[in-house]
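One chain, subunit A, links the two complexes that follow: it is found with subunit B in the first and with subunit C in the second.
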Partner chain A sequence: MMGNVTLLEFLSMGREVANHRPWPRYQLDSKGWHALAEQMSVSNWEILAEWGEPAEIHVLLRGEDSGAIAVASHPCPDGAFYSLGQFRPSAIRLERAIRDLWGLIPEGLEDQRPWLDHGHWGITHPLGRPRQYDGGRHVYKFLTAEGDGLHQIPVGPVHAGVIEPGHFRFHCQGETVVRLEERLGYVHKGIAGLMSGKPINDAARIAARVSGDATVAYSIAFARAVEAALGLEIPARAHWLRALLAELERVANHLFDIGAICNDAAFAIMLAHMGALREKLLACNARLFGHRLLMDCVIPGGVAINVDESAKAQLLTLVASLRKGFKRGVALYDQTPSLLDRTTGTGIVHSTLAHRFGASGFVGRASSRAVDARKLPGYPPYDDLDFTIPVLADGDVHARVAIRVEEVRSSLNLIEQILARLPDGATSAPLPMRAGEGVALVESFRGEVALWVRLSEAGKVVRAHPHDPSWFQWPLLEAAIEGNIVADFPLCNKSFNCSYSGHDL
Partner chain B sequence: MIPPIAKVLARHLIKGPHTAKDNIPASDRALRELAESLGITAQVKLGRSLAIRAIDAGSCNGCELEIHAANHPVYDLERFGIKFVASPRHADVLLVTGPVSWNMAEALRRTVEATPEPRWVVAMGDCAIDGGCFAGSYAVAGGAAAIVPVDMTIPGCPPTPTDILSGLLALLEAVEG
Partner chain C sequence: MNAIVWQALQIVLVVALAPLVTGYVRWVKARLQGRYGAAPWQPYRDLYRLLQKEAVVAHSASWIFRAAPYVTFASVWLAACIVPTFTTNMVLAPAADLIALVALLAVGRFWTALAGMDVGTSFGGLGASREMLIASLAEPAMLMITFSLSLVSGTTAPAQIVAFVLSGNVGIEVSLGLALAAMVMVAIAENGRIPIDNPATHLELTMVHEAMVLEYSGRHLAMIEAASMVRLTLYIALIATLFAPWGIAQPGAGAAGAMLGLVVFLAKAFILGTVLAFFETSIAKMRVFRYADFLGGALLLGLLATIFLYVSEAV
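And then the complex of A and B:
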């Protein structure tokens, strides 16, 4: 075993692939990949995403201390690779999905059950070497829990509310949850397959719809990956306008989340209060940018919107009014003991787990993981803006609410800073026709969105892989609910607010 | 000390709800009229309020966000007797969002079957109409009509709360009372 080696030192034993930007990509041979897998059990390198190709496996890594980011690839012509998930549990579901989609078998992984493939597609390995599948739907073996008086509660995929579909299998002892197991993949739409072969602008529309609530973040991630692949510098104003849209999206989602979490603790007035605030923001979005959720406002090469002096004034008025209303809402939350009683100490995620799974966003930050893509690796214009990342150690529902509260405040400040210092100039740059590979890491309201893309010389997307932060948050929900009562599950689930669509892809 | 909840409640008592301001812009007024006539039409045609069951058959969750917005105090569908219910057994209308993913096809079919007649299936959003930008994928069956009979569509990506309201009104007006 090697000593204290940095990520880039380690990877440099592989072959560097040309035209991969902004961070390098290294191809490792079988020996190198094995060594990488073993490093997973001793190093603190984080897996940011893992995906496949018909005969190659890729993993996006960050050397935690140095902040260095790189892609490690391993050609696997015989259709199998040495599993990273056996050493790093965050990769287990990723590798099960890789097996379903590309047909690459993760060797050494204990859990070989399918994940996204439910046996309904009519083919197997749709993105690898597809084969006709005529068998029935898969029978999924849930993990068991045994003991006196244990009973199961199956929930979903169709839930009793306006929620996305997914299946939860509870094993309970009376009211207490002994084990929760999630089964996801119901909204798998084959997004990676759809993006392949599409012109860049068509693929951008799909990227904007990976997860509708994080549409701005996904659009920025796709645009940044494309711009990196093309080696394109976009005008400064475009960067700043993107950040403006991203912060508006963050505020809108956090407001809704805070309201909805309290609503799941039967404190409905908060949902109404936050809903009214959120509606102000969405109406303003529609007025100024033509879309309530800001879909397709960010395009590869820049942005498709602009703000003039009147728009600035309207946004500043909006920020002031949101701040006032939000203060009132937070006071209500902070001083309602019966509500705090529900959120405090409920659904605790221990920081060791948050670190092991590399959870980002409010789930990670509420469990002492101070990670934010806006700071590390950082991207413009955030390096020019003044903001801090809130971190708490409690890891309960209350901490996840408190992180969101801080982030709303910080995002409102960011919007004011952006409006005050918005540089003049063009809002987009034309895309050159060039081949290349690019990767981007962008902070959505939920956490780090990673997006990798390979472009052809004809200006088309050869392959693209969007990765949602929910991949590393869903498994922690299973841990958070353990020992809590069934009635607290909606509360815990909403405090995570993982994306089904972003995860299922 | 006066607890904050008392302040909030007092404020709403004095200033009235978000939905009923006098200085609402014209678009909101039109929306109110729309929602009111929807409520009245439901009463006339169904003899009672309208119960809707939303079902996500593969959406990106954008449509869900707008359904939530329609239930927020600013639009507040429920004051007109239009409410979202938890079970398909209580529903008159199934509001289907998203392209139908093959993994959800069976669940969608069963949900529709679980809804008592008379029932109407509304495909909400561009994806539910024809698969939208997800059409043609190995994992997508197409629009809602590929799996269940659809009575009406509401276009948009996603449709705004106003679009949702006008769509539901158009549906009820078309229903034989």
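And then the complex of A and C:
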């Protein structure tokens, strides 16, 4: 125990790396890294992301009290590092993935099973020192549960609906779930490998496709990381237009989520209603910005779209009609006791777990974790806008619906504020050619997207690491379903709506 | 002579009409949700398509798996043949009996559940166990309804219950109202409708009936689907016949009476189908552990119906 040392005080014992913006990066030696790992069990510093390089390990941290953010790095030329996951469970899967991708061994980590690597890549450690994999399927040992009358239900990776692939292994006693274990990695696309060596603009297009439903958030995260690395200030109008697009994306996703959650309780009319509202928004996106999901509208240096007076008027009409329709939908939800009976008290995530795993987004906020990257660390133009972060303490499916409802209302207000106060000027700035490292934290509809990038003098991406909020939400789903019944799993799962694509990279 | 003709017509009618009734309910639900929806006759096309397709059978399946669709369909069809729809003047009418009806439906369910467990997938077992949970609660409720009806009318034969109700010797009975409510609840459970089961779901983990038949394809699936459709029509006919028998032709009514009965029955079927669609749209599916409350309620209503009979007699 080192007393109440703050994150930056602690890290300053390491060597600060030059040209890392906007938050510092410190290189820790072996002793420092050990001390950091041990701090994980006593401090409330959050792990925001953890990733590797062929011979180095990085972790993005935030001091919960001060809000200070920093990257800690540790060179590990011998291919092993002291595991943070043994002290902080949220890092377990991250470190298993680091082992699969970069071949760095997390020492001290109890769970040494592979995570993303299912033995189908043809090589091992594709981002480290790749070696030919001599074949043979991995035999994945699921965790066990023992007792009378227990049985297993394997679900997926291919499901009966049109959803992404993931495997769920249930241990049940009758209808009651005793243990759920997830197995993910089926949609691994090698994003980090694809981005390395690409010109910035090509890499931006890849970043926009990490998780299609959060494409604006990922684009902003990539753009902000690049701009930080280059030390580039972009025009104010670009910041405001980015926020406009981000809020449109948030509303579209939340609307659909609310409908889909109700649909999983066989209340299909809600999905139809919310789907129609979302469709209005997407059609408007296509008309004004040329893409229904706003893909590639945000580019490094600014935005690729603009808003004129007629577009403003159309957006204001859209907001007014969404607000009206949404009010009716929410009233229907609130006045259907059979639906509330399903959502209330189902799939509770305790607030201690939400804090321990650093869950962001509606999963965290429904379990009294008031975290939102738009407020902390905050980025323009949100520091200039008036909005509040809804927080609830119940942690059940209903709370996660209620958070979304509040966020839709708040986002609709934000869109109006942005349109009313949109500054004039250019919408983008040219990118200078400069080497550097940058990191960004952006609030997607799902939670905090972290993105770290290193640029070369030639204007290319040397390495990039996108981190999806789902990494810290998937494990909580396992906890939320425990003690619930099997038939309530789809409802819980939909209320989390974690990304497979963003997680599997 | 006429009795044979009407019986033959009834046998054909229940099967011929069943897909339309199901398709109509789906169509109304789609409209209520603001969708265009497939045409009401889409289930005919679906059945035709399934019959053309190859039936894929799991390696682990035994003869039970292959036989179950036919046994299920046959038992449900036979059950549907003995419920008077447009006339009570049928050959099988004297043999028809509500207790036999409950048993015939149980045979179908038993075989479907057996087939669900036969292939050894976890979903089949899950569905079968839930189906048996529902059955163990719904069957006593159904029998209780039968008892109260037979106590009112002095018979368990649907044809004679109809004759009794139509004779005008029965006023508005509290018992009949309670029995009707119980009957509707049992019908919802037996047909796997919302709030007990969702016939349109794609979520493997929440399924009841669909989970048992997940492994079926081709003509086997067609048989299973057809059996479900006939079962829905059967329950609609049962509710319409027992609780609103007006318009049903009685022996000696002649061809004109039977035709009138047919038209009236069609009207009743579509009214009840519309009511079902409205009900299903306005309610969410309940938790699996609430089934017992729901069907326990049905049993209680059936019991109350019987008790009220004695109370009203005593008064």
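Keep in mind that, in the parts below, the second predicted complex is superposed on the first by the 505 of 505 C-alpha atoms of A that agree within 3 Å, B and C clash if a C-alpha of one lies under 4 Å from a C-alpha of the other, contacts with A are read in each partner's own complex, and residues count from 1 in each chain.
Heads up, the rule we're going with is that a contact is a pair of C-beta atoms (placed from the backbone, for glycine too) under 8 Å apart; a residue touches a chain by one contact, two chains touch by 3 or more.
All figures in this text were calculated on a predicted structure; none of them were measured in a lab.
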| item | value |
| --- | --- |
| Partner chain(s) touched by A:Val187 [first = subunit B, second = subunit C, both, neither] | first |
| If touched residues of subunit A are counted for subunit B and for subunit C, the larger one | B |
| Subunit B versus subunit C as contact partner of A:Ala272, first or second or both or neither | both |
| Which superposed partner A:Gln112 touches (first subunit B, second subunit C, both, neither) | neither |
| Subunit B versus subunit C as contact partner of A:Thr336, first or second or both or neither | both |
| Which superposed partner A:Val210 touches (first subunit B, second subunit C, both, neither) | first |
| Partner chain in contact with A:Ser41 - subunit B first, subunit C second, else both or neither | neither |
| Partner chain in contact with A:Gly161 - subunit B first, subunit C second, else both or neither | both |
| Residues of subunit A that lie at the interface with subunit B and also at the interface with subunit C | 160-161, 269, 272-273, 276, 336 |
| Residue numbers on subunit A that touch subunit B, as the complex places them | 118, 120-123, 126, 130, 137, 157-158, 160-165, 185-191, 193-194, 202, 205-206, 209-213, 215, 256, 269, 271-273, 275-276, 278-279, 282, 286, 292-293, 295, 328, 331-332, 334-336, 499-501, 504 |
| Touching residues on subunit B, where the partner in the complex is subunit A | 3-5, 7-8, 18, 54-69, 71-75, 84, 86-88, 98-99, 101-107, 111, 132-134, 136-140, 157-158, 160 |
| Parts of subunit A lying in touch with subunit C, wherever the complex brings them together | 151-155, 159-161, 174-175, 262, 264-269, 272-273, 276, 336, 338-339, 341-342, 485-490 |
| Residues of subunit C defined as touching subunit A within the complex | 29, 32-35, 122-123, 125-126, 129-130, 194-195, 198, 200-206, 281-290 |
